[in-house]
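Okay, structure first, notes after.
We just call them A, B, C and D in the order they show up, numbering each chain from 1.
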């Protein structure tokens, strides 16, 4: 049943849709038309799969976390290794898909929003690879915080456009990208970085990311046979999670999405959209978001830049409402502790985002039977977060 | 479809349906009191409809000028509720033209669609304009609006193409034509294809057709009056008010300030 | 013929051997015995391949560089993507192999040397994954320069031991690791990071790295059929190069190894061991090295920490002497320019080491016929080098 | 195998083959002149053989003390050539015991193996010790050494196991037994299995067996004399010299410094 969403209006139950200025309706329809056609074209599918494989490095590995499993003494833990993607996270899958679509549409330029810079880097990367111009909108605060990623995008030939409106972070970078797109939708394609935004973005990004879950299904079956008991993925906008979950919907596998609880969901500093938010509209889509009583969007907080978003993809709102996925939240402290644990038991330093999934899985695995199996989606690698992690642990003094 | 239990006041209050001037001001910028005064001044300067903006944290359709006005107003504590409550004050002050509340969709949802249109009616507003609810998402709101005699203003854009007909045919109050692709804010030049676009819109529309987005000079106003039934001016009005802000904020220079606002607006729309 | 080296004494022609203190002869013989036996054990081979695949992410992708190819208008350029390995470089292949051997030998601790930290991180990583203790020797100067990699190793649970002897860089870290090993060879295994050191290290590391060339051979044949015309790889100690070249020796493919010319081979600041060095002994092996007239080893220089080594694997010395491989050198400036080029045409930011191979390939591809094909081994990703690259380009001011 | 064209002087110059004391000094540390004086002082303190170190940039077998001595000597401009040239000066000063040049392999290669042993012979040295040429790699050097009457000193370690026999049987001059696993430098305690190791070595060796690495106390010296034919002391000697360095470097306190060096060494090897 779930798999028939979204409907013709781009709705996942009550969520989704296209809440955009009239000027964007045409470009969205144009994308929808090209996308529908592209997804029926074997050549397009083949080109997408070709780039994923020969450029992005797919299939990504599927690792049995033997040491972590043994140290917890509970469920058997497997890791889906999206950290091994080119540029270091699942973001590339979607960037490749959309950039191929943009080319098919005859667009010569792409624009993208970015918070910490991961999606910006992925976009700049595929733009370079496909010979497209690339503009990345980034909040001024984030530009300051993420100097290296800014330089990386420039090295890749992208233009980084500082956004000084609002809180000067991801939310505003997204606003500004949309505003820019409104004026330039004739030759520019807006490459959104997660399963957010107006229809058809949430569906499209999910379709480009479902390769994560599809591979996992095959890999798990090859290694263990059948299906795992539970799957964990962190949720910012929700693209790595939906990419992982989608092929498992309705299969009986327990799906767990993990939001950022920041300094605690009782504090005002968190990004736990489903746990603490309410329905509303953000970036063109009806979904859950963090807002005040008058509908002003409030600033989220998480130590992880990729989860620090006040909204969430509408499909997650739907999966939450329809109880098909369980959503939990993990604090900064718990996530950082999980980074240490995974690094030391498995030699894998996950992105802080991914560490939220790891932390929840660790909590639950301990209480599960050793015959049970779980999969954690390691959405990205921690390289980009080393200074944050180092600061958190105060050099290495706080490590032991 | 719905039962029109309440009559619409929009048409009754509208001074004329040609050569209309529809200014936009932001509630609470620079202060709630001045918003009321400015509404009156605009009417005195020739406004036919007043667009009263509700400041929003994430105004997707707006350029920097209106964004900043919104940020200032939020800073001042302006909310959708307080904005609505300004309307009876405006009426008391003598503003008799139609007042259309301009607000983004999310505050509408949080307020509750039906509550909002009821409150609008109660507070003597005439219309509602939500820039991020396109036709396809507007049905429910439109029903509530109609049920309470509030005109839901529709927008149409140069790239609306085959949707122009559908939008125009169901438009109420007036039809807001976006002059060119992009957000609100001044533009040096107008889209060269604007005339054929407006012609097409007028062909389908049963309500007056006004052009907005980027209109900031008298030349542009004159040009638009050739093709349409009126102009909507937002960022330029904000700019004019900004320019007089220090005068407006002081009791003893306020009247002078308002006078100069009026002068500048008269120059802008004079033809 | 070439493939029968090394001989029983660990000699590749005149090069190689075991020039070590007597105390190390026993541990080296122990390794040799276990290794010989392990390489004949299908289970060991399977375990190695299993880790490479499920943990390291192999096979790594094989990318056609269409944009770079078109912009040069010469030979068709393919990239072997060792940058997609877990931890970001080919170094992991070898670390996995040796750590598995160490476990087989019953050792509970590994030690490693590191310069920039890549091999240190790879070693710390496999140590965590295999449940071994890990000590990494690192020159004090390098510790200062590579703060993030030092923290990464500590996060992975390794102990980083500062080396204050000599020039406080890689050469001295290697000396110190060897000295430490001499005293602790009963329970410690020394995991060398390249095809250097006394026999059997050069042969062993080559055998663990030849997967690069073996995969490339298959991948090229799948994509184009037959063999490429030329293959390029950078040479520090020489492990990525030998891993790539070895399966192609004697096939007629032209093999090109690229050393670091630093500020120019006419200047004293370079690391062009084969181009400018002379035969001698370093770290237990007869090979080419940079030395003064009295046999004192001199400090090399390269902007790339991984090529900044005064010696070179003995097999390279042999392949050089027997003219089976052509060795060229590339300056800092040329390498950095190549980073920009590859980033902007292909969306791949290579490690500065790898960029040396890219630069030479670019030079030559232009002069080749469009019907010809070349492969560049992209030994690692540039993430680790971002600050160096940024400094070089003075922020982004120097980028255009 | 090779034709012994030149007779070896080692045995002739060796005072005794039991209870030997074989000190190590680093050429040029602190100065070349002092190296000569120290050689003489060591002989006067009871040295039977002198190990004369050539400083090397990358001394793999050495601990920090000798590493630092080498670094200082290199800093002073010491080279293998200059080190060899110190030997005739030592002879002139009255040093008559065998002198063994201690150098790593790479300087030997750069000098040329044959040139080196010829020069050693010419400069009245008696032996050569290269810590990083194990038996398996030593054949060529050994041939040259034998051809020129220079004893190539072999090393054997506690973990040499079945290689002990092979090494011991071909040893010449004396056989250097490494006391325990590790590099040169003081050790608080000796390997408890040292006696059985040395017994085994002595069983196969036709030349005197001396123990080195880590010997730094009189107790250790006494203990080793029980199991071997002598002790090699390196780092401890360097330390003693370091302790007197300021006295040694000044003309007017040099003799006192040398006297104190002698006293300390006498205490160390006294039994």
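Observations on the model:
Please note the rule applied: a residue touches a chain if its C-beta (ideal position, glycine included) is under 8 Å from a C-beta of that chain, and two chains touch if they have at least 3 such contacts.
Model, not experiment: these values are computed from the prediction.
Setting chain C aside while every other chain stays in place, the touching chains sort into these groups: A, B | D.
Using the mean of the Cα atoms as each chain's centre, the chain most removed from chain A is D.
Measuring from the averaged C-alpha position of chain A to that of chain B gives a distance of 38 Å. Distance from the chain B centre to the chain C centre is 67 Å, each centre being the mean of its Cα atoms.
Residues of chain C in contact with two or more other chains: none. Of all residues in chain B, none touches two or more other chains. Taken chain by chain, the contacts run in an open path, each chain touching the next and the two ends left apart. Under the contact rule stated at the top, the pairs of chains that touch are A-B, A-C, C-D.
Interface residues of chain A, counted against chain C in their complex, comprise 53-57, 60-64, 67, 81, 83-84, 86, 88, 124-129, 131, 147-148, 150-152, 154-157, 339-340, 343-349, 383, 386-387, 389-390, 393, 395-396, 399. Within the complex, the chain A residues that touch chain B are 9, 17-23, 25-27, 165-166, 171-172, 175, 178-179, 182-186, 278-284, 289, 291, 293-297.
The touching residues of chain D, when paired with chain C in their complex, are 56-64, 67, 71, 74, 79-81, 104-111, 131-134, 136-137, 155-161, 163, 167, 178, 181-183.
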